[in-house]
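Per-chain residue numbering starts at 1, and chain names A, B, C and D are given in the order in which the chains are listed.
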Amino acid sequence: MTRTLPAAAEIQAALDEAWRIGRDRCGDGRVADYIPELARVDPSLFGIAIHTVDGQCFSAGDADYRFTLQSASKVFSLSAVVADSGETVFEHMSVEPSGDAFFSIVKLEEEKGQPRNPYINAGAILTSSHLPGETADQKIRHFRTFLASASGMDRDAFPVSEAVYRSEADTGHRNRALAEIMRHHKVIPDVEVAVETYFRQCAVTCTAESLARTSLYLANGGKDPLTGKRLITPATNHGVVALMATSGMYDEVGSHAIEVGLPSKSSVSGAVLAVAPGRLTIAGFGPALGPMGNSIGAMKALGALAERLELSVYR
Amino acid sequence: MTRTLPAAAEIQAALDEAWRIGRDRCGDGRVADYIPELARVDPSLFGIAIHTVDGQCFSAGDADYRFTLQSASKVFSLSAVVADSGETVFEHMSVEPSGDAFFSIVKLEEEKGQPRNPYINAGAILTSSHLPGETADQKIRHFRTFLASASGMDRDAFPVSEAVYRSEADTGHRNRALAEIMRHHKVIPDVEVAVETYFRQCAVTCTAESLARTSLYLANGGKDPLTGKRLITPATNHGVVALMATSGMYDEVGSHAIEVGLPSKSSVSGAVLAVAPGRLTIAGFGPALGPMGNSIGAMKALGALAERLELSVYR
Amino acid sequence: MTRTLPAAAEIQAALDEAWRIGRDRCGDGRVADYIPELARVDPSLFGIAIHTVDGQCFSAGDADYRFTLQSASKVFSLSAVVADSGETVFEHMSVEPSGDAFFSIVKLEEEKGQPRNPYINAGAILTSSHLPGETADQKIRHFRTFLASASGMDRDAFPVSEAVYRSEADTGHRNRALAEIMRHHKVIPDVEVAVETYFRQCAVTCTAESLARTSLYLANGGKDPLTGKRLITPATNHGVVALMATSGMYDEVGSHAIEVGLPSKSSVSGAVLAVAPGRLTIAGFGPALGPMGNSIGAMKALGALAERLELSVYR
Amino acid sequence: MTRTLPAAAEIQAALDEAWRIGRDRCGDGRVADYIPELARVDPSLFGIAIHTVDGQCFSAGDADYRFTLQSASKVFSLSAVVADSGETVFEHMSVEPSGDAFFSIVKLEEEKGQPRNPYINAGAILTSSHLPGETADQKIRHFRTFLASASGMDRDAFPVSEAVYRSEADTGHRNRALAEIMRHHKVIPDVEVAVETYFRQCAVTCTAESLARTSLYLANGGKDPLTGKRLITPATNHGVVALMATSGMYDEVGSHAIEVGLPSKSSVSGAVLAVAPGRLTIAGFGPALGPMGNSIGAMKALGALAERLELSVYR
């Protein structure tokens, strides 16, 4: 359902105001330090971009700064997997909030290797192992092809940062632990392929601009409104977006729903991707994170935007 | 924001179809048996009612059968408390999904008596203890006054079922345990007042008809669209509804978001209350519950309605 | 099996040395403050007493200072219950270490109200509810009769401290929570009787002197070696003592086994009761507790005694 | 302290009786199936051996059947590590019972990668990584040298079963997960070296005969009574044995203390090693395991032996 959009001038004005509000909060956060390569990023970076379903785009600040997708990749890998093989990935995965930290292994042990949902790390690793292809290389190629297809760009627009990939592969011990537990319970067939794919997918780069563009299908029932290309079915798209609302923001999914009211997916690189169904997508980027691992600036900016443009799905 | 409503005939047709779909599933569920008085209810009962923000009402089946609010009461007690004393109730309560069963005491111990959110039992008991008044009697009177105010009816429309209240008070040991843990951490001042209030509020009765009517303010930014009376501020209303989306359906909040896509609150008496912001409210009632404690028929009927009337907030 | 005892002079010399070592450590600890009445005790108090199976007694320091039994009562209530009704109490209780804090409710919920062992609070409350008698009064009378019988004294030697009892009853919310969870699972029949009994049994008073004397049967296969009276069967006695070794020292059962090597039971009032099977019992008393809630002085003194007198059962 | 030993004829008679009792229970258990190679063992095998500190040895049944050490290796790797580098291994490890299954990763995550004790898998993997040497080969060589030294035999008496090692390495995903979590918290330096060492140490083979012989130092204060060779200090030996009493039997440490009363270490290959300090060691072997993963026959036989020969340390 296409819904009424605010006028372009009002969108740009709201975006500029939201950008200022978000940028002013960056000083309160810290860049992620558990992946060494991410720790080098400038915490004062801040950008934001909007794409509307009728083809307008707006941006402010560092909207063309290139960063790694990290957990924002999870919505696209899920889309790509379900587009390819339907609901199979959910045979060993639930769709409920975990109530624990995104890296937690506790419920995974208690629940026999079945991840709670595709947006916590365990679930995303399982999803990655379902990407078409035998090897991590083939899987990542497919993943980047999906991004290209969704964005109307080509795969080169989404290069992998080798430095970040290396850094994650070297330090991703908790993710390997999750994969080992899933392998024990025969939920994934191969630990190495699964985590290699996951680490590389997290290291795929984009900008706030290209992230908002790539996710436009999520605001349009699974079809890119600009190229007319269908990425996933309406029902699948509904599920992918609904899960963002219930499990997309780690341990701040409730407060984000209250403050913003848009299905969103955050990443430790500082991105927060938000979907206003039928209208637009927003990608905020600010690497300064709050205590729960979400970008402080991006969350604040999204709150301001949602308020001024009346975007919340709960109002 | 008022949104376009389907034509009345289409709503009634969709409702009739949804009612049939829901009713046909009742045989797959079981009535709650942990409260003896609830175990006596006929599992084949099934009704559903819709109220629109422009004043239309629709119903099907046992929409005027009287049942106890149980957990559906939590959205109203939260509304009443925040209307009275603002955000104070959140000083010792979070707003995040718990990831555990609604009665679970595990996180409450780990998190020093601070409930995860107002829609699990611990959080609801804390909320009840914040209702205005010293005694349970005074608090319940205030609660029923809020219902009367929200529904445009009077308090007598919401009598307490003494039999159910007795039954819950006699068997509510887990709820008492939650209250004792909160009392230990000084999160509530008095165990007896808190649980008495909670047990009685759960035993307040309504019908699918009156439940949908009473919650109409939730679909209208906190103001009853029919009487024009403001119950809570727009911001508070947004929070109450957003929390239904992230924590309103126990351990099925994710699958309900996927299947239905409406902020909802379920109860063990078999009610599921759903809010389509800007448009309408729906109250399904079918005491046959699925394995997670939610009404099987009501969830199915809501899914059918949301699909046909394109109500999901995520599409 | 009676084993060789060191000479009396050597025991007294070892005791004096151990007392000095223990007393010097009291400054490192703090009195329990979660029961207000206990918080008033002088943290520099320190006494220790030994009773041998051949009837000798030794003491040092504040060995006749009167304190409440608290958790040390658990070995006697277990003895009394099993003496009266055999293994019935274990129908709903395991005998394994919990790995969690003594007050924890987590495993109790996970394991359907069945306490891990009789020396954590949940298990002790269950045990108390099995004491003969209908009312808490009758049960406590039986409990004190058991103490009298075991010690060769009369019941008046074990008065209840009304002040401490009041204090515990007023603040024992976590214990009430444990009892409510057990009641929910029908593991105990009556919350109030169970916790009342437990609170009073914890408030029964003794001295290091009388505590060592009372427990002499534990070092002698269940029969008081001085009066010749059999309290419990050899097999039961073996179990009561074995459980002290695996679950008697809260979260320090492993380090206590390493440092001391005697089956022991500690209490928040500052007592540590140790059994050297076939030889003697030791009761240390020092209300200054370490971070795990065990008497710092008593643990150190026991370590010194066990070393010098070669008492450890593991050497 | 050397204690009185029963006469040789009585020991042999008790052993024969215990063997019959144990063998008769083998039908109630099942061989471990989570390591494929172990699943092939004949469940009716049953043997038992005793070595006394004065040099006598006794055996019954399949006491010379060769099996893999599995978790029984943990007491020797701990001995070897502490002999080599003192208490360093405990800088990142506690000594308390875990209360959870031996493979559990839950507490490891909650407690920042610090294992609860050296006899659960996580603690044993940490211990293995402390064995002298850079590579797994060097570490295993050192481990087998320790066994040789303790037994008065040579290293060839303790060959590694390559088939079992392969089987464990291929399926040991939970153990790898534990190591990854410890690596994340920098508790171990290298996952691969740690788990390789652990898998091989578990695959070292012995017989009930040689196992009882090898562990004789544990009953004699850390010195082999037959060769006079000191393996570990008396204090270290006390700790190694004390930990067997509190954490050596997985989730049956309490019931084993009650039924047997000897510090013991079990293994999934069906061994139970028990130490009667100052007197003797016993090694039971019966691959039919009970529900908690301990040899049913060996536990029963140990109970009978302890009873008849009055071996329990708690009596």
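The criterion applied here is as follows: a residue touches a chain if its C-beta (ideal position, glycine included) is under 8 Å from a C-beta of that chain, and two chains touch if they have at least 3 such contacts.
As the structure is a prediction and not an experimental result, all values here were calculated from the model.
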| item | value |
| --- | --- |
| Touching subunit C and also subunit D, the following chains | none |
| Steps needed, at minimum, to go from subunit B to subunit D via contacts | 2 |
| Most remote chain, CA-based centroid, reference being subunit D | B |
| Distance between the centres, which are taken as Cα means, of subunit D and subunit A, whole angstrom | 48 |
| Centre distance in Å when subunit A and subunit C are each reduced to the mean of their C-alpha atoms | 56 |
| Centroid distance [mean C-alpha coordinates] between subunit B and subunit A, Å | 32 |
| Junction residues of subunit D, two or more chains touched | none |
| Complex contacts: residues of subunit C adjacent to subunit B | 104-106, 109-110, 171, 173-174, 176-178, 180-181, 183-184, 191 |
| Footprint of subunit D on subunit C - complex, ascending | 1, 94-100, 107, 116-117, 221, 234, 237-239, 241-243, 245-247, 251-255, 257-258, 261, 263, 277-278, 310, 312-315 |
